[in-house]
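Next up, some structures in structure tokens.
Each of the next two complexes has chain A plus one other chain: chain B in the first, chain C in the second.
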Partner chain A sequence: MNNRSREWWTGFLFILPATILFIAFVYYPFAQSIYYSFTEWDSIRPAKYIGLDNYAYLLEDSKMLRAGMNTLLVTVFGLAIQNPLSLLLAVLLNRSFRTRAFLRTAFYLPVIVSLVVTSIVWGSILQYDGLLNGLLERIGLADWSRDWLGNSHTVFPTIIAMTQWQGLGYCAVIYLAGLQSIPQELYEAAKIDGANAGRRFMHVTLPLLMPAITIVVFLTIIGGLKLFDIPYVMTGGGPGSSSYTITLAIYNAAFRENTYGYAIAAGIVLMIFIMIVTLIQLRITRRREVEI
Partner chain B sequence: MKKRMTLLMSATLLISMALSACGGNEAQNTATPNKNGSVESAPASASNDDAFTIRIGAWFIDDRPYMQEFKANTEKAYKAVYPNGTIQWDITLGDTYSDKLKAELASDTAPDVFFHQGQTAKFGEVGYLADLSGESWAGKLNPGTKSSYLYKDVVYSLPMGVASSGIWYNKKIFGDLGIQVPKSWSELEKAFSVIKAAGITPVSAGFKDIWTAQMTFNLWMQPYGNESSPTYGKDLYEGKKTLEGPEVQAVMTHLQEMVEKGYLNKTALSIDWPQSAELFTSGKAAMIVQGPWMPGTAKENFQTKGHAAFDLGYFPFTTDKGYAKLSIGVDQSLSVNAKTKLMQQAKDLVDVIASPEVYGPFNVGGGTVPAIQGMQLNYPDAALNDLLKVVEETDSGMGYESYLPASAMTSLVETFTKVASGIKFNPKDLAEAQKKLEKDKGTVIVPAE
Partner chain C sequence: MDKLLSKRRDRVGLASEVLLILVALLFLYPILYLVLASFKEPGQFYDPLAWPNSFYLGHYEKAFAKVNVMSGFMNTFAISAGSIALIIIVSSMAGYIIARMPHKFFQLLFYFFISGMVIPLQTGMIPIFKMGVALHLIDTRSFMILLYTAGAIPMATFMYAGFTKSVPREIEESASLDGYGRFRTYWLIIFPLLLPATGTLIMLNIYGIWNDLFGPLLYLKDPAKMTLMAQVVQFKANNQSIDYGPIFALCVMATLPLIILFFFTQKYMMRGLIMGSVKG
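Here is the complex of A and B:
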């Protein structure tokens, strides 16, 4: 055995344990899942092969389609509101002022508290006889009182608002890190060249912040498309199917309705959709990144 | 078949009722104690000298006094048979238990003995359950509960008791307002109106817990469905009736009327069942739809929450014409893991639980009727005796929902909660449930008749 093949074998032996584990716990279950997505399976009795029926039914299932719309809505709101808002927050928190440390902590706090805990707390605040309606009553807006989570019209906007609030601090921290990596000399040079604050932001900050924007947009898309815990804890998807997200609908199809084959098919479609969307997003945002 | 079941159920209940008037507080043990202190009806297997630990899985054994009593009684009776045996209780409270159990069964790590809910046929079909046909209690089971213990003529489970749920009411409020127990939907509506006018919420609901919404809907559907056909559930399964039909529409329309007139608490969709129970026991609501555990919960609330105690009464859901049909069900079934290494010890544990000194108090505490015939119990709670009297006098049968796939049921409950949230009922919403019924029919195992 020559040196080259000895090196090859050594390398192979080193990666072998990890490869075996990866195949056993990732690829094999994944391959099995693909098979089960073509079956009618209740997880107890043997699976019955039904071809593409599960995939075809996805297009007819009004609950799944509604869940899909809700999921897209959360993602779009994340991109359109949470992202610019967190960038603005990061720019403000990057300035030097007295309460900066306190505010940075305050905005980041919702990120470190368990989502289940925050969902329970918000659930009680938003109840019909909860804190929010009490507050509205005190300031003379009793007519605005409603069961925010028990009303089909208000439940999903309320959940969207909560997800934006919860994710704001996390995105702001990433932007803050990005802002702090931009050399001050560039701003000074732009100032000398006569650029005002707006032009400095557009032509210095934004291009150099593109790596952070890539990460934040990526995380927002993934987070939006995978949203599960907040609606699961706060509403269980109801009332009716008003607050279903795709992941919650998949969970219910599997664990409440025992239609595992169908749930797996929906999961695979979601995975493919996430892959396509993130690939497109990475192509668009990476192209705009600027090396310092 | 239906008549036979009703007859047997009534006979069991009549005996229970007759003896409840003169019995003591504890279950009457008709078995003869043996020299070890156990009873003849309990297993008489050869005791095992080797120490062992036997696992039993459950989802419902919590801090309630009668549950703790059940655990203690089981351990005591099992120790009498196997002095070297230790019971390990694998308890996972809530819905996750069922998923965990399925995973354990599939991976051969399930407890030796386990409780489950309505899975006898499915688990029996795939060989997860041991044959218990030879056990002494197996021949005494109430045929009316056949679907919960039998699959292809083999006894696979011990039903822990027959339960019936319905409308519990505050007798004081009804008495003060001069309301008689409603005998039809229109009488119930009148009662709602009088109660509402008195500034009291007519019905307390906690639909944040999906199971309470599902239970309410199913109890309501049972008379409406069976009034239109005595085999309503089967008709749905066979396509002779549809979930878009007038039966479901009647219930949804009545719910809409209740919401529009403010007969439900405004928090109905954002509170869970314990909160709804508190609303009822505090006297702020006059009625609640719950199971036979409600009197026990009320008693506990009176003691721990400082609510003024009142007497509870019980009546069933009725149709516009005054037809009532109770849904009889088995909440917990007990089975032996077919792959247990402690087969005899496991069967003996089930036998111990089936013995009057363990099984009896469990049924008394939960307000359920024993599924083992001839067991004589005393229900000290007046409210439970009210329930049993209604059960005895009212037509009853297996819930229509036993013929529906879970997906169709979920869809119906979603429409129900949507209407409860104030959205106007749209009959087109029921099309999805019917579609699910047709698509997932293959997941249903038709109940044994």
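Here is the complex of A and C:
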């Protein structure tokens, strides 16, 4: 064996474990999924080929459509509210003052506590005889109190609010990192040119923050579209199907109703959707990125 | 005039700082409430502003009586530690080769890993479940470790490849003059130099693995193998008339190790997020 091919084989051995694991647990199951999505399959009896029926049924399934609506709502709210809010927070936290370390920790803590735990705490706070209603009563707003998670009108807005609380710190930290990578000289130069704070933000901060914005928007979209733990623990999707998300609906279709082929088809549609949305997003935000 | 302006700015700064602190306390409140309520006697449990009367441990005793907390902790710890060790080993080897060997095959593999990132877990879960059954790996901690590792490979390989490129080639060349082979060079020289990347990866992965519910929910049915998060959810589901006291106690115990870790590694964690997100 000559030297070069021996080199290649050594490299191959180095990369083999990662490749095997990745094929076994990502690509192989995925390939199987594509096949099963065209079948009627309960995982016990053999799969029966039914063509595109699963995909067609997706459009008639009111539970799935509700789940899709909710999933979109979480994502849109994340982009419209959490995103600018976390940028504002990062700008405020970027100045130097005494309590900065405490504040950063405080805003970040909800991120490291598991969604299971935060869902349980919020579940207890929001239940009918829970803390929030008690507080409202005490300050004379008893009319406002309601069964936040048991009411089909309030349950999903409440869950959205919770996701905002949970993810704000994470986005803020990424923005903070982006802010810190902007050289101070640029601000000084802009100041000398007579740019006020607003213009400095629009013409220096925002353009140079584009890479961070790309990442945060990307993470918000992926996180929103895959939301599972919070509704699973807090409401189980109820009441009715009012707090269903796509991933929860897929989980239930597979493991509660044993309609595996259908669940997989929904998963594949979700994947294609995620791919299209993130590709469009990356195209839009990447184009605005500038180099220093 | 200047003095006046800076005085005004000071006041604005102070006002915004106070406001931020207030918001932060509101923000922290649910977590504070969780910890405090877990020590409150049942009578004051729902009193939102009350400090615990006494250091009441009844909820913890109940939680310990009904849930095998030690086993949950050991399972969670074993799965997290095992996954992270395996992620580090397989990804650093792959990343090193991708950074150092220009051969097309290895570069293609890189894109192969990256493209796999868009496949959501949910599409593969049923075939993975079936595979676990066929290989007699379902309900084992090893299966969870393999799964988490596979999921983390793209990101970790990406980072290790980036870091390897910043290590000067001369170091390896002199090692090879000393008669070191590829493997010894990697293990004794390169791997130690990649320590910052390794630290970052630990920080980026440990919270996700420790806190994960989806994996254990699907692939660990045996109560003896359950992780802390699965135990919490199971315990809540079994409590028909929800008695939040012991559930809160269990939540505190499941979260505490991560909070302690966070306080010790906060600085590296932030740095890790910066490297992992903005520059990765």
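Criterion: the second predicted complex is superposed on the first by the 271 of 292 C-alpha atoms of A that agree within 3 Å, B and C clash if a C-alpha of one lies under 4 Å from a C-alpha of the other, contacts with A are read in each partner's own complex, and residues count from 1 in each chain.
Criterion: a contact is a pair of C-beta atoms (placed from the backbone, for glycine too) under 8 Å apart; a residue touches a chain by one contact, two chains touch by 3 or more.
Just so we're clear, the structure is a prediction, and the values are computed from it rather than from any experiment.
Student: Should A:26 be classified as contacting the first partner (chain B), the second (chain C), both, or neither?
Tutor: After superposing on A, A:26 lies in contact with chain C but is clear of chain B.
Student: Spot which of chain B and chain C makes contact with more residues of chain A, would you?
Tutor: The larger set of chain A residues in touch belongs to C.
Student: Could you look at A:84 and tell me whether it touches chain B, chain C, both or neither (first, second, both, neither)?
Tutor: neither
Student: Does the superposition put A:60 against chain B (first), chain C (second), both, or neither?
Tutor: After superposition on chain A, A:60 lies in contact with chain B alone.
Student: Does the superposition put A:151 against chain B (first), chain C (second), both, or neither?
Tutor: A:151 sits against chain B, while chain C stays out of touch.
Student: I'd like to know which partner A:257 touches here: chain B for first, chain C for second, both or neither.
Tutor: In the superposition, A:257 contacts chain B only.
Student: With the two complexes superposed on chain A, say which partner A:233 touches: chain B (first), chain C (second), both, or neither.
Tutor: In the superposition, A:233 touches chain C alone.
Student: Identify the partner contact of A:183: answer first if only chain B is touched, second if only chain C is, both if each is, neither if none is.
Tutor: neither
Student: Between chain B (first) and chain C (second), which, if any, makes contact with A:212: first, second, both or neither?
Tutor: second
Student: In the superposed arrangement, does A:103 touch chain B (first), chain C (second), both or neither?
Tutor: Only chain C; A:103 stays clear of chain B.
Student: On chain A, which stretch or stretches are contacted by chain B in one complex as well as by chain C in the other?
Tutor: 43, 129-130, 255.
Student: Spell out the part of chain C that touches chain A in their complex, as residue ranges.
Tutor: So the residues of chain C in touch with chain A come to 13, 16-17, 20-21, 24-25, 27-28, 30-31, 33-34, 46, 48, 89-91, 93-94, 96-98, 101, 103, 105-106, 109, 112-113, 116, 118-120, 122-128, 130-131, 146-147, 149-151, 153-154, 157, 181-183, 186, 207, 210-211, 213-214, 218, 229, 232-233, 236, 242, 244, 247-248, 251, 254-255, 258-259, 262-263, 266, 270, 273-274, 277-278.
Student: For chain A, which residues are in contact with chain C within the complex?
Tutor: Those in contact with chain C are residues 7-8, 10-12, 14-15, 17-19, 21-22, 24-30, 32-33, 36, 43, 92-93, 95, 97-99, 102-107, 109-118, 120-122, 124-125, 129-131, 134-135, 165, 168, 173-174, 177-178, 180-181, 211-212, 215, 226, 228-229, 232-233, 247, 250-251, 254-255, 260, 263-264, 267-268, 270-271, 274-275, 278.
Student: Using the touch rule from the top, collect the residues of chain B that touch chain A in their complex.
Tutor: 95, 99, 102, 105-106, 119, 122-123, 125-126, 128, 207-208, 210, 266-271, 405-407, 410-411, 414-415, 417-418, 420-423, 429, 432, 435, 439-440, 442-443
Student: Residue numbers of chain A touching chain B in their complex, please.
Tutor: Listed in rising order, the residues are 40, 42-46, 48, 57, 60, 62-63, 123, 126-130, 147, 149-152, 236-242, 252-253, 255-259.
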